[in-house]
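Written out below as structure tokens is the structure these notes cover.
Which chain is which? They are A, B, C and D, in the order written, and residues in each are numbered from 1.
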Amino acid sequence: MKRVFAILLCVAMMLSMVACGGNTAAPEADAPAAEGDKIVKIGVFEPQTGDNGAGGKQEILGMQYAHSLFPTVEIGGETYNVQLEIVDNRTSAENGPSAAAELINRDVSIVLGSYGSGVSIAGGEVFAEAGMPALGTSCTNPQVTADCEVYFRLAFLDPFQGTVLANYAFNELGIDTAYTLAMLGSDYDQGLVFYFKEAFEALGGTVISEDFPEGTANFVSYVTNAKSNNAGVIFAPVSINYAQLIVEAAASQGYEGALLGSDTWDNNKVIEAATGTDIEAFVTTFYQEGGAPEFDTGIKEWLNANPDMLTNNGGNDMIAAVTAIGYDAYLTALEALKLAGSTDRAAVLEAMPNVSFEGVTGLIEFDEIGDAKRDGAFIKTANTVDGVWDFVKVQTVE
Amino acid sequence: MSKNVLKIENATMQFGGVVAVDNLNLEINQGEIVALIGPNGAGKTTAFNVVTGVYQPTNGAVWFNGEKIIENHPQGKMKKLYKGEHAGEYNNTIAPTPDVITKLGMARTFQNIRLWKSQTVFDNVLIAKHCRTTSNVFSAIFRLNRKEEAKQRAEVEELLKVVGLYEERNELATSLPYGKQRRLEIARALAAEPTLLLLDEPAAGMNPQETDELTAFIGEIRDKFNMTIFLIEHHMDLVMHISDRIYVLDFGKQIAEGTPEEIQNNQRVIDAYLGVAEDA
Amino acid sequence: MQELFPYLLNGISVGGQYALIAIGYTMVYGILRLINFAHGDVFMVAGLVMVYTTTALPLYISIPLVLAATVVLGFTIERVAYKPLRTAPRMSVMISAIGVSYLIQNLAFYITGGVPQPVTKPIPFISNTVSIMGASTKMVTLVTPVLTIALVIVLVYLINHTKTGMAMRAVSKDFETAQLMGIKINSVISVTFIIGSFLAAVGAMLYFTNYPSVAITSGGMPGLKAFVAAVFGGIGSIPGAVVGAFIIGLCEEVIKGLGYTTFSDAFTFALLIVVLCVKPTGLFGEKVTDKV
Amino acid sequence: MNMTKKKTIFTAAVLLVLFAACVIVDLTLPSYHIAVTVIKKATVYALVAVSMNLLNGFTGLFSLGQAGFMLLGAYSYSVLTIPDGKKATVYQYFENGGLPFSFTDIFGGIFGEQVGTIVGMLIALLIGGLLAALFAFLIGLPVLRLKSDYLAIATLGFAEILKAFFQWNGLGPITNGSNLLKSYPTFNKATPYVIIAGLMIALIVLLINSTYGRAFKAIRDDEVAAEAMGINLARHKRMSFIISSFFAGIGGGMMAMYMGTIAAAPFKSALTYEILLIVVIGGIGSITGSVLASFLYIFSSEWLLRGLDSGTFLGINAPAVFKNGFRMAVFSVIIMVIVLFFRKGIMGDKELPNLLDKRPKSRKKKEAAGK
């Protein structure tokens, strides 16, 4: 019995290999043969699980909402139905390549994502090999686009964001000692801290940096360290889960300085943790609710009409910046498809640099590296009474 | 004058406050078959374990082929607890692990058979040859040791023929009948090329016929390999039949020593085995 | 002293929570000689159940429900995954334990969708904030060590003065002989798992009161550290596990206080390796000799 | 034709067919095709699983440090091969980060760019393995004296400590701290992976069938008897540990090649567990089993069963059931069933040639009796 089983498995393995050999030709042969509506596939390369699962889901929401508004696109004079192909990259870099390969396997024309830079960089290698245009959403590490021909991006970059926050803390909050906290092993956290520190020290401030290991749940000691160093601000560009914990710890320890967060913090989970406490928190972000009223009301209605989507958004209809960026990403993809006049990914890739349109997060145009041209970031502060993020100002580097 | 192979000198083995072997002195000469007997719990297997390096004796020494291979004296906590004698006569510590002792030329069998269960009869014996291998791991991986390997395999085949297990060489060791497993264990010990063979109750669980066969087998081994044999046994027939000399242990103490005839007539031995009446 | 105080306070609290988990490890190890890798995940499940029940049900129902659910889980794991392997090699049982841990995490992942579940309604009173000696903290920080020690005293009393307790001690001394003496091994083992899970549930409720969300990996690290605590204290010894847990909790926080935050986890494991190599029996453990 | 000859021919034929299949896949499919990805990842896992099996299955040492040794291999490989020109971008947060030399450049200068790169890559892989072996030697000195489960937990802890060190900014100029290492050379095609892993596995098979391999098995079966038969336990355990770690290090280097970018984070205990479970599925003590299980596991988790996670599977559309995590949940149930009811796994302790063995006689007799 076992022997038969083993042999069967061997055969199955070989067959599957042979089968996939035949597969490649199939889609191209099938595509024109399909009657009626033509389909163009847009790949979504986002984490739905892992540390960035919550953020990734919110970003997908924006794309799904956009898709519900614009389910078709005119390409080369023909109407195509758009189909979203969502693949979970599980937040982690080691799953990036296979998730990327899966998207290419599904023969998408362009890829959107991801939330988180590490996984984007890992996926980028595969996209580059396949010549697949990819549009980074809220991945902010310069390396995503720097070495990668096919990667474009909507978000601002870490050097920009770190500098903005450092300027804000030093100039606006008038603080000269900052404490930074980053997760060990997270390139996103570490990168932002690096640029923050660089900018803050250039301004003449002092920075104390500490790391915490993955899975840390108790941040009381870290907050105490910040207090004992007389740091006027804690800069913790960490993922949503840890941001919540840090807010709680700071509140319970009666930390009197300000908390500074990056784009990840712009999330209803974080504001929930802060509500009812007397902490002071500032974040940078891509989008401010109220910036595009039509979009705001539209997506809120849509969220409230879809209980599943509402759950994915964390249970309420507050709009996260990443959702707005997801929305813009989808529209950018449609623009690129229109410009390309073809579903062929090489054509789309060629068309990408020429995209220019007004999205909800601002004007979208790419520079020669492939990054969106952005010169300002929204700064928001936590309104701990009403449980919302209040707009403070638009901060530029200067 | 025959050569002295094994000498146990004032060996005491104490576990906490319990003295399992108490001041044992014993000598075995080249070519002899010596038996160690005694009632259950007399400390026979413990004595074996001391000789083969499984336990470190609390006090005493063991000599093998004229060389002191094991020595110890009460140390640490045992200093206070020690109940035996001759504590001051030893001041050195030599504590080799069992594999070192095997390489010196002593191989043993176990009271409850300890064959390598997933291996064939042939491999069980072949593995015992491993301690005589001179090639290193790299030459083994890259098969630069073919000559040695071939030689060892030939020797094992030869040995299996001698002990009568050649037919079963490709079967799993555990699939052999009980008596043959005992035989295989002895063959395995022989493959390690010892000069002294230690057999721990080789006839345990055997019927009279099997015991007779084993008795003959042990005799054969001595003659064929010119082997010195030290054995623990409960079957008195076997012991009396093949032993040249016998040592008797009771409660860890040696109570008698001599030829089979002497032992058979020794009152202390009879008392130890049958128990002494309360008023005696 | 004033500066060190918040760290110490926090260390004792963390230590108490580790202690409640560590008891489960140490008791199971004492009897089955098995590292119950799934114990940390049982702890995590208790946290999840707490999150789900406290939002839907009043406290007087939800708390007993958390305890009951966790106990049932612990009991089931033993019956399904460990009992059939009683005669199997130790490695098989350990693999089974790792398999169970993997299974629980993946099921929890499936149910929660891989997103941490927020603690929306923490248990009142113990989540209140208090301020002592200038350091503000949650009530739970103060409650944990007291409750831990009270539970341990009750447990030790039970083990020393009840029939089941005696049976447990007998089984941990000598598994086979105890079986021959007519002790119902399986029920003793079940009781061990029930007690261990119960304490893990209590620990989870205290632990997650301090934190806003329960993630599926939340059980892993506390679980491993509690195990290290159990080894440090001498595996098989309940007071040892508790003392070990407090020491580890304190060390960890003090290390963070000294600024070596990068190595606070690594330190725990380094301590483990050192203890295992220098004194494998731990602080209070007994020496076990293998018979040849 | 006798049995041994038949077996050899059978084994060679199967291996040849598999290799040919892989080459065909490589020639016909683009390198980013999922089939190529699956083969690459599966070969890496297969090598690591076999190295773990050498330790856990053949020597009976229950070690959970595999992820740590892979980490060492992966980092040495990438640190040594990042071209000098790319160092500034990779080590963006560490000025003058990286080693002052790069194997790809050095050997590129000697043998010409293409050959030189490959030579540099292979040497870097080898060094990764050696570094892992060196660490295994050091950690083995204290740890290998421990009994089974203590050994497991100590090695697990060791892997965690290593991870913390590699993420530490103090080592940042070499390891790039918590940030990704990238831009090092990799193989795009699957065949090089198959060849390297195949050679390494072949070496392990040769070891297992040598006199040392037999000694390892003796230690696994009965330590006391092995020691009594003159096998130096400490020395052989250490040897097995070091050799296993060497191959895990090579596997880690290949993992780095496969992933294209690496960081310390993925090398956590979950990775070790995953590999361990693959070994169990394949059969503890069977090389063939480990390889087969790696392919099955990677093939189904990366490709076949992806539908379980994304709404539609086998044509059934049920997004409520087939949602995120369902695939892994199904997997873990299968694993538990194997652990509890099919403890021998797919292959037991049989190897590929054993598939030709006749069934044991007893069963035939039983069947006959049944008639």
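Here is the rule we use: contacts are C-beta pairs under 8 Å (C-beta built on N, C-alpha and C of every residue); 3 or more make two chains touch, one makes a residue touch a chain.
Just so it is clear, the structure is predicted and the values come from calculations on it, not from any experiment.
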Top-ranked pair of chains - ranking by C-beta pairs in contact: A-D
Centre-most chain, if every chain is reduced to its averaged C-alpha atoms: D
Centre-of-Cα separation between chain D and chain C, whole angstrom: 32
Centroid spacing, where centroids are CA-atom means, of chain A and chain B in whole angstrom: 72
Chain centre separation in whole Å, for chain C relative to chain B (CA means): 47
Shared-contact residues (touching 2 or more other chains) in chain C: 109, 113-114, 220, 262, 265-266, 292
In chain B, residues with contacts to at least two other chains: 54
Numbers and ranges of chain A residues touching at least 2 other chains: 48-49, 184, 211, 213
In the complex, chain D residues that touch chain C: 56, 60, 62, 142-143, 145-146, 148-150, 152-154, 156-158, 160-161, 164-165, 167-169, 224, 269, 273, 276-277, 280, 284, 323-326, 328-329, 331-333, 335-336, 339-340, 343
For the chain A and chain C complex, residues of the former touching the latter: 48-50, 53-54, 57, 184, 210-213, 215-218, 220-222, 224-225, 228, 241, 244-245, 248, 252-254, 269, 272-273
Residues of chain D defined as touching chain A within the complex: 14, 17-18, 21-22, 24-25, 28-39, 41, 86, 89-90, 92-93, 163-164, 167-169, 177-180, 182-183, 188, 255, 258-266, 268, 292, 295-296, 299, 302-304, 306, 309-310, 324-325, 344, 346-348, 350, 355
List of chain D residues in touch with chain B within their complex: 203, 206-207, 210-212, 214-215, 217-218, 220-222, 224-234, 239, 243, 285, 349
Chain B to chain D touching residues, read off their complex: 52, 54, 97-100, 102-103, 107-108, 110, 114-119, 123, 126-133, 135, 137, 140-143, 145, 149, 152, 188-189, 192
